[in-house]
Amino acid sequence: MSHSRTVEIEGHIIDSGTMQRCFGAVMDLGGSFDVERFDVGKHENEESYCRMTVSAGDAETLQAILHELHQNGAVLEDPSDVDLVAAPADRVVPPNFYSTTNHPTEVLYDGEWIEVERIEMDCALVVEPGGGPDGEPRAYTKVLNAIEEGDLVATDQSGIRVRPPERPRSGGGAFGFMQGGVSSERPSESTIREVAEEVREVTEAGGNVMVVAGPAVIHSGAGDALADLVEAGYVDALSAGNGFATHDLERSLYGTSLGMDVETLEHPRKGHKHHIWTISEIIRAGGIEAAVDDGIVTEGVMYQCVENGVDTVLAGSIRDDGPLPDTITDAVEAQDAIRGQAHDADIVLMLATLLHSVAVGNCLPSTTKTVCVDINPATVTQLLDRGSAQAVGMVTDIGTFVPTLAEFVLGDDADGADRGADGADRDAEELT
Amino acid sequence: MSHSRTVEIEGHIIDSGTMQRCFGAVMDLGGSFDVERFDVGKHENEESYCRMTVSAGDAETLQAILHELHQNGAVLEDPSDVDLVAAPADRVVPPNFYSTTNHPTEVLYDGEWIEVERIEMDCALVVEPGGGPDGEPRAYTKVLNAIEEGDLVATDQSGIRVRPPERPRSGGGAFGFMQGGVSSERPSESTIREVAEEVREVTEAGGNVMVVAGPAVIHSGAGDALADLVEAGYVDALSAGNGFATHDLERSLYGTSLGMDVETLEHPRKGHKHHIWTISEIIRAGGIEAAVDDGIVTEGVMYQCVENGVDTVLAGSIRDDGPLPDTITDAVEAQDAIRGQAHDADIVLMLATLLHSVAVGNCLPSTTKTVCVDINPATVTQLLDRGSAQAVGMVTDIGTFVPTLAEFVLGDDADGADRGADGADRDAEELT
Amino acid sequence: MSHSRTVEIEGHIIDSGTMQRCFGAVMDLGGSFDVERFDVGKHENEESYCRMTVSAGDAETLQAILHELHQNGAVLEDPSDVDLVAAPADRVVPPNFYSTTNHPTEVLYDGEWIEVERIEMDCALVVEPGGGPDGEPRAYTKVLNAIEEGDLVATDQSGIRVRPPERPRSGGGAFGFMQGGVSSERPSESTIREVAEEVREVTEAGGNVMVVAGPAVIHSGAGDALADLVEAGYVDALSAGNGFATHDLERSLYGTSLGMDVETLEHPRKGHKHHIWTISEIIRAGGIEAAVDDGIVTEGVMYQCVENGVDTVLAGSIRDDGPLPDTITDAVEAQDAIRGQAHDADIVLMLATLLHSVAVGNCLPSTTKTVCVDINPATVTQLLDRGSAQAVGMVTDIGTFVPTLAEFVLGDDADGADRGADGADRDAEELT
Amino acid sequence: MSHSRTVEIEGHIIDSGTMQRCFGAVMDLGGSFDVERFDVGKHENEESYCRMTVSAGDAETLQAILHELHQNGAVLEDPSDVDLVAAPADRVVPPNFYSTTNHPTEVLYDGEWIEVERIEMDCALVVEPGGGPDGEPRAYTKVLNAIEEGDLVATDQSGIRVRPPERPRSGGGAFGFMQGGVSSERPSESTIREVAEEVREVTEAGGNVMVVAGPAVIHSGAGDALADLVEAGYVDALSAGNGFATHDLERSLYGTSLGMDVETLEHPRKGHKHHIWTISEIIRAGGIEAAVDDGIVTEGVMYQCVENGVDTVLAGSIRDDGPLPDTITDAVEAQDAIRGQAHDADIVLMLATLLHSVAVGNCLPSTTKTVCVDINPATVTQLLDRGSAQAVGMVTDIGTFVPTLAEFVLGDDADGADRGADGADRDAEELT
């Protein structure tokens, strides 16, 4: 094992699984390690420290191992400044550029560790030497297509350290720590109650609740409950698609969703012209806000978003009918809008949409709490797998989840009673 | 096409899809048909009549076609008496014995059409010449392993006619007519409301509501709601397994399900000894009823079933721990117990269990209403596919379905308010 | 029932289920019917004819019923010319505009029935009076956002007739007729063999095979098999997304997919920088074709598509990394490109992508054969539900489906042996 | 924190995740720890050692924490002999009896650590003082219903230590270490190839390959491939149900499965009397072996099992038709038969059956390799979750999995060629 480097790792690295992953990576990739020092935290509030030399038979393997260790928070013993190379052209990064994780990250520049702003995975990392307000250096992420010629882009991984999230010092209730799997063997209503408490706490603390919603929210009949949450001020941002908005607007215009009366279940037929007619009406009005202003749209989620000034992004996709004039049809432009929402969010509720949830998840740092709800276990697994440190995954029916959530969130607002007190009439006007 | 026979079909055979299936069967199997007469019902309440000659190139193909037509209600033009052969030994049926469908069926015996009792699919059909109370002939189904030497078993299909269910004359609301597919694009709460109304109507009419429940009902936290329904008198029969009962009893004994506190979500760990300890406690007590009587079990579904005299069958399976003393470990014996429940049921709610639902479904005539609820769409599809004419399939979360159903069913009983009025405390005692 | 109209329906309307749906619609919607004449086809090759008067208590209900009947092929007894209204502005259709089905459609204009071109669902129907090559009128579909001021748009449904697909006169093998449900109880390899035969037949007849592929095709290891099919000339059009192309190109550039070596299964780790590096390399090269020309990309599906001149559309989405320069980021522009592919296709294979499959399915007439393959039964159900008359739905693993399909399609080409003879080396060069 | 105990943990406890789980358990349950000594293994082959004092505010919490630590391999610093209490009656265990894990376990008896035989989870642990061949003490598991009056049953957890499986020192290829989640983002054929290699290695080493098979194996058309594996000697035990056997026998008797010809896909109809006729024929013959001997059954999996003396268990369930005379209808009796198979197995292939796989999994020690294959991700997750240390979970189509596996396993036997060389004709006779 002729190639070796010494790395340091510190923090709650045993109970957060960091050392397990680091040792595992070395073994899996065919290297070996020699622990030089390991100070184990004696109590739950004491951090640990490990210094070890990692060896491999060839430079490439060593590099692969170090890449893994790096992503788990290890730093080289004597780190040198980050290695910056100017981008040769717009949208073109230098070879071997550093691709970011979604964990908090710092770069060593001019001997100082600088926090990287707008952290997000799979981006380039750009350092702007005099970019700060007082001429100090700044570092931030940039997606590939935003790179401009001359941007100083980090390459390799020297001089960069990431801080993967650590296990909370006590149990996280419904919010599991980095759990990739989704157990369906959990009590549904109790879990929803915990999510509701989290939503209330974030809102009461002045935080930002972002909702990512798929069309199933509407045609499963959960639109009213979501509209109530918006009206009551528990939703700060809505990220959805053309389909979600159209189904919701169809309900306001025609009382149906995909042609079915959501109350009486009647006329669940193909050839539901209401859907395309809705789009046509909104185009005629000049957009959703105009349609609300004109009194054409008088209820529903979109109506409440307009009335309550919720930051709304409708991102287009190739399966859209229409689309509505409000829908951003360019994917890159839509991503930028979503990115803005995601960076502001304190908690994100991903409701029955894989496409939009992945788009949002791509922009989130690992420190943002997320709630992923879908009827398909594979969707929930995929979303949890993308890496929030504190996440709730529920395989459940969005058509019962949202009403139950709304009752738990809104219940106490009205009159201090718990669930159900105002569930029947949902007299939301009293609540605001 | 040298082989041919003439058949007759009558009823609402166009709008029920009967003719579509009959014509399709002839074409798919390579035969041809010659419609001799077709009187189409002029109004929705007028029946139609079709007489046609079916031909095929060989006798075997013709036989296959006639088999299909028979199962769709066609009868040979000049039917002869049913062809009976005595069973040569216990559990041994004659070759070419007639295997029943789950549709209402009659046999022609001594020139008279006799209704077949206890209709159930995949059984033998036995005629007992003097078996009636006044010495008249009787006909009934028998499962293979109940056949006794000398039983007169129907062979072939001559002299037998089935009546597949017909499309209701008006829309069935949530209860679709013979719909094999499951659309998740339905409003969840509205659908549950329709199921609740059906349950109430059956109960108020003195009918029999049968619940088939899997363990997920308990560990999803829906046990209380089901217990409320039992206590309030809306459950006449419970068909479940050892796991369901054990999880429910564990809640009463230890406040956990699979080791997790279902209220606080704490201790969701492996090695949940409460589960096996629960079984041990019930064995020690001598069974569930004894444990209730001794004050060991004081709440939950099983408790309410004992207290309210619900007809309960716990059928064993090879994945059982223990099992509980109440569990019927022999599959054939358990099937007989389930069969008794199934034949009495007017509506069956299949809640998050494939195994027990299929077992029950196997015993049901096609005329019994069924509600199939599972988080897995393939399970719901499979259950609907087994053939109730009026069925609701919901891909939803049992942990929110049952509480919502309980609120809708129990709501009005208490005080005329709708959902939620008593949801919070579920003061079920007032309700009964 | 003071409101009534008389309609006519003809064709194989019993065995295709048309009459079942028509009678059902009348009853479900609360109307009644009076059959004036019903000539039933006496043989499987003789069509039937029905004339009936439909009544309802109010004009709105009658309209809803007629809408349903219309979509099932019924025409008013004395049809008048199509009702055309000029579009008041670009992208704005007249109120009550006719929204198309995906079935073959004709309009009555100046007393002549004209076939509607480019049939596709949820579009407006435009008549161009002198639009034909010889000054004759033309009719075609237009999506809402393509409508130009002054376009003569059909409104209401008078003067329009649709021809829903009819049941094939003999069994369709794996290709079921309008079956919404998906049975997993079918033999997988036999079904794939039937699909393979269809692909071969279409190709041999000079037809167009369109493949819609999701990224799972690549990371499930099926990329080589699909590349073989492309190389051997069995793929005329590829419709995919940025993810599919990137995963495929990553394999060519780095031998990995999402960072995992697809042969050895090694390094299945997070933080797979190869993915984003691949995009960067293709941007640097100036696009996929340039990267192939430069010898940077030397194998894989995209390579074969470039080399074999396959009509390729990469449609962007909001979850894309990068994106690649070849990806069409605007959804409307991408839809137009997909529309062109879809209208040319004779058979469409939808492989493990819901998003792109729905996008393609939206543009297909109901007469195009489709094969929908996904591991998620809900996805397959949703795709089949969109309405191809002849469709195969398979709930299977794309990672074994494509290699098996390739063996069945390519097998006989080489040497007449069946499956497996050339499976090992897949010496595709000999095959072309 | 007035209550405390000191425990020791040793082994590869960092990279196996043991310490992460132990520290986590203390924190989650509200206790605290004080690490007195922690010797970290300096190299991948050096074990670690930890001694720590665990404290809690009350005795009950401390007990809960110690229970968790115990299950992760911790032992009290000064362990005393196991605490044995005689069972008061048949099937009745003493209160607070020790419930086993599925990990290797030892008990301290008379100052000596004795290995517990027949390790299996959720059992009682019985010590037989002079039960060994030379009068030495023995310890073994017993399921609750096998307990006899007077059995010395372990209570509490003192004097018992378990050894959870440790992470292999190098990567396990497809066999992941204790991975609860199932990624579908793995190359299917490569994974199957690894499974095939494992099956070959076990067989070549004289080991025992156990197959657990559901009916989907047959009706997905994979029966021939499984029969080939049996014939070629790669299956030592088959654990299945009445449905599997009946579908397989139906193929031999009638060429159909559930009434469908698995080659031509013809006649996929309801009312498939072949199924029930098959059962009847086997009953008439007196059982499967008799039917093989009489030449009634001439091919298929059951045929090959009889011909090759495979240890076969058919366990009954309440959804069975018939059942076949060979089916063990009593669940407890069937479990005992399965238990015998499971304890002998070196690798278990669980093929498309949840019920039988759970039954087998319940009896397996955590050291047995398992392969779980199902189309439903929730099934695979549930099976992996039960605790084999080395497991492969695949969400795939059993109808393509088994044929592909058979080709990979059998390929080289015949002539050294790889996949496909003998795939076409599967001339299995040459292979044996």
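Read from first to last, the chains carry the letters A, B, C and D; within each, the first residue is number 1.
Heads up, the rule we're going with is that a contact is a pair of C-beta atoms (placed from the backbone, for glycine too) under 8 Å apart; a residue touches a chain by one contact, two chains touch by 3 or more.
According to UniProt, the chain labels map to these proteins: A, B, C, D = Ornithine cyclodeaminase.
Treat the numbers as computed from the prediction; the structure is a model and nothing was measured.
A.B. asks: Strictly by the touch rule at the top, which chains does chain B share as contacts with chain C?
C.D. replies: A, D
A.B. asks: Please identify the chain with the largest separation between its CA centroid and the CA centroid of chain A.
C.D. replies: The most remote chain is B.
A.B. asks: So what's the Cα centroid distance for chain A and chain D, whole Å?
C.D. replies: About 38 Å separates the centre of chain A from that of chain D.
A.B. asks: Using mean CA coordinates as chain centres, what's the gap between chain B and chain D in Å?
C.D. replies: For chain B versus chain D, the centre distance works out to 33 Å.
A.B. asks: Report the inter-centroid distance (CA atoms only) between chain A and chain B in whole Å.
C.D. replies: Comparing mean C-alpha positions, chain B is 44 Å from chain A.
A.B. asks: What parts of chain A, by residue number, touch at least two of the other chains?
C.D. replies: 28-29, 171, 183-184, 266, 375, 378, 395
A.B. asks: Touching residues of chain C toward chain A in the complex: what are they?
C.D. replies: Answer in residue numbers: 25, 28-29, 64, 67-68, 71, 91-93, 97, 99, 101, 122, 144-145, 266-267, 269-271, 273, 275-277, 279-280, 283-284, 315-323, 329-332, 334-335, 338, 355-356, 358-359, 362, 375-376, 378, 387.
A.B. asks: Can you name the residues of chain C that touch chain B in the complex?
C.D. replies: 14-17, 19-20, 23-24, 26-28, 30, 32-35, 38, 40-44, 50, 167, 169-171, 180-184, 377-378, 381, 385, 395
A.B. asks: What does chain C use to touch chain D in their complex?
C.D. replies: 171, 173-174, 183-192, 194, 216, 219-222, 257-258, 260, 262-266, 268, 375, 377, 394-401, 403-404, 407, 417-424
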